[in-house]
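Listed after this line are the structures, all set down as structure tokens.
The two complexes that follow have chain A in common; it is paired with chain B in the first and with chain C in the second.
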Partner chain A sequence: MSGLTSIGPNISPSTRRKPSAASPGSKARRELILVWCFLFPSLAVFFLYRILPLIWNLVLSVQKFSIFGQSEWIGFAHYWALLDDEVFWMALKNTLLFIASAPCGIVIALMISLMVNTEIRGRNIYRTIVFLSYPLMTVAVGIIWRWMYDEKVGLFNFILRTIGLIDTPLAFLQSFELALPAVLLANLWQILGFYMIILLAGLQNIPQNLYEASAIDGASRTVQFFRITLPLLRPSLFLAFVVGIMTSFTSFDLVYVMTQGGPSHSTELLVTYIYKAAFELSRIDYAATLTVVQFVLLVTLTWLGNRLSGGEAGAGRN
Partner chain B sequence: MSQNMQPPSVKSLLSNGAKKRTSSHALPTWLLHISLLLISFCLLLPFYWVLKTSFTGENIFIYPPSLIPQDPHPFFYIDTWYYIPFARYLFNSVVVSVLAIVANVVFNAMAAYALTKHFKGKSLVITLLLSCLMIPFQTTIVPAYLITGKIGLLNSYLGVALPTFSTIVCIFIYKASFDAIPTSLIEAARIDGLSELQVILKIMIPLSSSAVASNVILSFIWSWNNFLWPLIVIRDPLMQTLPLGLSRFLSYHENTTGALYAFCTMVLVPGIIIFLMAQKEFIRGLTSGATKG
Partner chain C sequence: MQRFFIRFRELVSCLTITIAACSALLWSTSAVAQQKKISFLTWNISDQEELFKEWIAEFKKIRPDVDVEWLDKKGPEFPAYYQTQVIAGTPPDIINTQGGLWLEYAAAGGLVDLTPYLTKDAEVRKRFNSDYLGSWVYESKNYMLPFYISKTLMFYNKTMFKEAGLSGSPQNFEQLMDFSTKMAKGEKTGMLTLNFDWLYWSLFKMNGVELLTADNKKAAFNTPKAVQVLDALIKATNNGGINKVSWTGRWVEPNGAFAAGNVGMLQAHSPAFFFIRGQAPWINSNTLGVAQAPGGWATPNSHGLGISKGSKNPDIAWEFLKMVTSQKWTERLSERRKVLTANIASDKTTLDKMHKQDPLAATVLQTQLEQTDKLTGNWPLANDSRIKEAFYPEIQNAVLGRKTAAEALKDAETKVNRVLGF
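Our next item is the complex of A and B:
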């Protein structure tokens, strides 16, 4: 009601203006100007930090870049160099392994979400606990897991030695074979909650009466799971997988903190290699080439995931 | 999130079936509880391990490591506070986050309001936004660095925050919320003489408070945790944000374990508290982003 006082004085000018603004053309034009003014800041940010970089990456990848002088066109030389670059193949392999690990996480998350989707008491607390690690600062998560994997006092070595699986402590993050699985496990710990949330939303969209009708028809729990839950959950499952793909292309923080891509590039991902090429080796143009390859791969895989899911699936993060 | 999709009336209609369902779990309730407790235990263990170390330090010459903290003390926290410019890092992080949050709320709401109108090129803008969603920030770092250098924003708060000034996911969250407001309400307000801006500020935004909350918490968490971009843009140690400070501390003082984990805890706690306070908004924002985006 208090708003009325401020509205009051406005009435007269707007009614007075009405005859002059009555022509539909000027009103529409005013609105059009308003629309584009309102869109401008966001579009400017996206142009500057999404679209322009995309194009610039392409340009850089066919150039010999120099900060001071004139950059010269060298064709596809960087791409040919890429084919001979062992580290690139290593990083590509690791990125694909990263993606391949996503289904394991999704299966675990599916089991958890089935458990917390029941009417069990305290389900919200369980959900919060599972989800808690997702919004954490990944740098800190990496440090936590370094500590868990520590050779002398890490929890993993302690547990494995207590059970009697190993005699001598393992240096997980310093080992060529174990470093990548170790990083994958840490990543799983962090992303599990996000998978769970996606699947939970999918589960809650399944109409309950399907279960009731099928129960009347005598369908067992197992039959219900494979005939109702899984098919109807397909979009959510693929969405989770797309998120997994995205994560494998973007988890720079975890690898950087835990292993720096080492030992001898055994945990190098494309994204960490791009960073190293550009900002440690100062090979801006080569890093751009890597980015182009990474981006093409990412788009192809996400597109495939989208097609398979048969639905609209997008990125989880910004 | 936790709400059942079933409207209550339907549920009561089918109360027979519903009862049957609860009594015929695939697993008995106690087994369910045990497995969930076990999972929770495994997931919480890393937190405990770090918290314990931050209060006791770790003597690496003693085996086995003790599971229960032995004479805990707060000195590592005090050490951390004095050894590193923690307050400065915190200040930097807060400035960057506040910049990002304010810009996000204003710009996203503006863009979403524009998208509720009908105009030529609207579908093009929407397509453009949706395709930009497919470009993760990590694939833009090299040119983004060059661009930021050209604008002269390297090593500045604005340079760190600028790429996060608008978020596509949040624009669509606002748009969904704005679209849900009945047009009759807006027209009534117009007839009462409210200007365009007043309509937005007095009607659209107050009725979309949950969208605003989602946007605030999402952009806070994202910019608070952001590591790669500040790592590229910031050179001056005094301009570093918390994640940068943490990573720097790790590389310089690898062996002072207690202090490192105290630092870690101090960095994690604000994020956890804010997340727990706004969990619902955060998850809502995330799921609508993940499904509608």
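Our next item is the complex of A and C:
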């Protein structure tokens, strides 16, 4: 029993702990584990409610699915069927038109933002009035506008006939040519306030000394607008554009209340067609295919928007 | 030693808690296992909550070991809700469907075949009007029992008829179009029809147009006669004879338009009467006429009760169905909701009472039991909704001026045949 002369607990040399500072590697590992522990619940929810449904949707799109029985693999048959589906092309065209209306709304909102960003009297009231439409329930907006468009008792027909622009009332929502523009106008009216708020916030973040300095250098208002305001508004414009795209893809309630996608699919959007395919035609597999197409379109458009605004959500190239 | 006793006490506490928890779980599981449960899902009839509570209380007396849960969904929400429940493996045991939706479920194997139950309980089959009971037969199997029934009829505004110099309801399609055109002046239009679930189909059927061939495998409607009928409908829509909302509205708009008193005739099913009367103070037996559509053709839009294939207690569900379709409960439903139920005895009692209490309503409901051999617009097709979706937008294209009648019917034929796989 030689060598054990210490008073403390018997510890063999080989197991004696070396006196040390905490090793950087193990500390980093512990921190990493801690970070993952905090992230895990949110990531788990995100995976469960976002990623998994996406994957399942993809699987559904290549199956012949029955809610009551066995499903079978059919490859890309649904995707080929899309090519012959007139309603799909109509819905796609209408969705793209909806998206194309977003820049028009943004331009109008920008003009309004520029006006209410000046020192005019009552600007807070104007801001409130313009924004009031946004918090309204979309279903309520749809119902109100449907009545305003009514052929017999609608406000628009009353005004147009009173000022002599038309002799016979227009059936806005029953007309193939007018139904979609009518719905687009209602959508624009509702979202204008939100665009305004985004752009107004962006305008107020532009340092005033830039305008002062440019004024000293002799820059006109127009030059200031194109050289200072617009470039610095790029992140806000990008955000407004993305919101506009999202609205185009999610305007289910407005279209459903106003026209149910009619007459004869002339106001059908991809999102309403997906709903009909899944729940009115009981073709959940085909609806999944449409969803995949919509997803690809959405990602492509968002990427394009990002590139056009200079990258990094509009913050690039500044 | 002290540490040992502390540890032992902790161990005993843990064990005690665990045993108590497991016992509670076992007890509750066995209690749940003894208590069965069925659920029934109804279609937009939440106003009858009291009645359903009475059903549940009554059934509890018959089967104290069974709990019953009631759910109600509005029409547009119903298919989405039911499909998601089926996929989740928890379909309601009993469902109430409207129109032709049951066909899709039955054809896909989603409903229990009630034929063996009806054979075993023959007195249940005898309760019902056989024409209506036959509305829920697919491939010789009966999948549903009648809950409450309706079919289309013509309502007409007697005041507008008088102003236009017309008397009596139209007897054929030509008169229908002629009357519509005569009443169309200014803000007034001649006629409206509901358009969902094939409710407009009698306008074609009364002219001898068939949707499909006898074997239901091919479109049969693209005929010169159908073109002629559609042309007449286009012309009437253009000259105000037919209100455009006939082709674009669903329920509130067309019925609301008739209730406003500016429309001469309305082709709708019987429930529309109560909605219209609620909106229109002008309606009474002197101002509202009621008749069958020309030729007596009518599209049923009845509600049925069936059992989900995924039900864990189909026999209990059948017992519940037997109870709720008995004379006692169908009379209660009729009394409260002013509907007929296809239960022969109950409907007779209801109409006898109603003729004394509300003669106009009785006249409306009487039409629902007449000419039930002339039901149309209810083909035994599993893909009924897809055929509707292929056909109806082309009709809209024609009546709203986008295509000619011939073009629209030709395109509809192509699309319907594609759906049928022809």
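Here is the rule we go by: the second predicted complex is superposed on the first by the 264 of 318 C-alpha atoms of A that agree within 3 Å, B and C clash if a C-alpha of one lies under 4 Å from a C-alpha of the other, contacts with A are read in each partner's own complex, and residues count from 1 in each chain.
In this section, a contact is a pair of C-beta atoms (placed from the backbone, for glycine too) under 8 Å apart; a residue touches a chain by one contact, two chains touch by 3 or more.
No experiment lies behind these values; they were computed from the predicted model shown.
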Taking the superposition on A as described, I'd like to know which of chain B and chain C A:F176 touches: first, second, both or neither. second
After lining up the shared chain so the two structures overlap, which partner does A:S42 touch, if you call chain B first and chain C second: first, second, both or neither? first
Let me test your reading of the model: by the given contact rule, A:K152 touches which partner, first (chain B), second (chain C), both or neither? both
In this superposition, which partner touches a larger number of chain A residues, chain B or chain C? B
Please work out whether A:A278 is in contact with chain B alone, chain C alone, both, or neither, and reply first, second, both or neither. both
Determine where on chain A the residues touched by chain B overlap those touched by chain C, and list them. 152, 278-279, 284
What part of chain B is in contact with chain A in the complex they form? 1-6, 10-11, 14, 17-18, 20-22, 24-27, 29, 32-33, 35-36, 39-40, 43-47, 49-50, 53, 58, 60, 63-65, 103, 106-108, 110-111, 113-115, 117, 119-120, 125, 128-130, 132-147, 162-171, 192-196, 202, 218, 221-222, 224-225, 227-228, 232, 242-243, 246-247, 250, 257, 260-261, 264, 267-268, 271-272, 275-276, 279, 282-283, 286-287, 289-293
Sites on chain A touched by chain B in the complex: 3, 7, 10-11, 14-15, 31-32, 34-36, 38-39, 41-43, 45-46, 48-54, 56-57, 60, 112, 115-116, 118-120, 122-124, 126-133, 135-140, 143-145, 147-148, 152-153, 155, 158, 161-162, 189, 192, 194, 197-198, 200-201, 204-205, 207-209, 211-212, 215, 221, 239, 243, 246, 249-250, 252-253, 256-257, 271, 274-275, 278-279, 284, 287-288, 291, 294-295, 298-299, 302, 312-318
Where on chain C does chain A make contact in their complex? 79-80, 83, 86-87, 104-105, 108-110, 187, 244-245, 247-248, 250, 257, 262, 309, 385-386, 389, 393-394, 396-397, 400-402
Of chain A, residues touching chain C in the complex: 66-69, 151-152, 171, 173-176, 259-260, 262-265, 276, 278-284
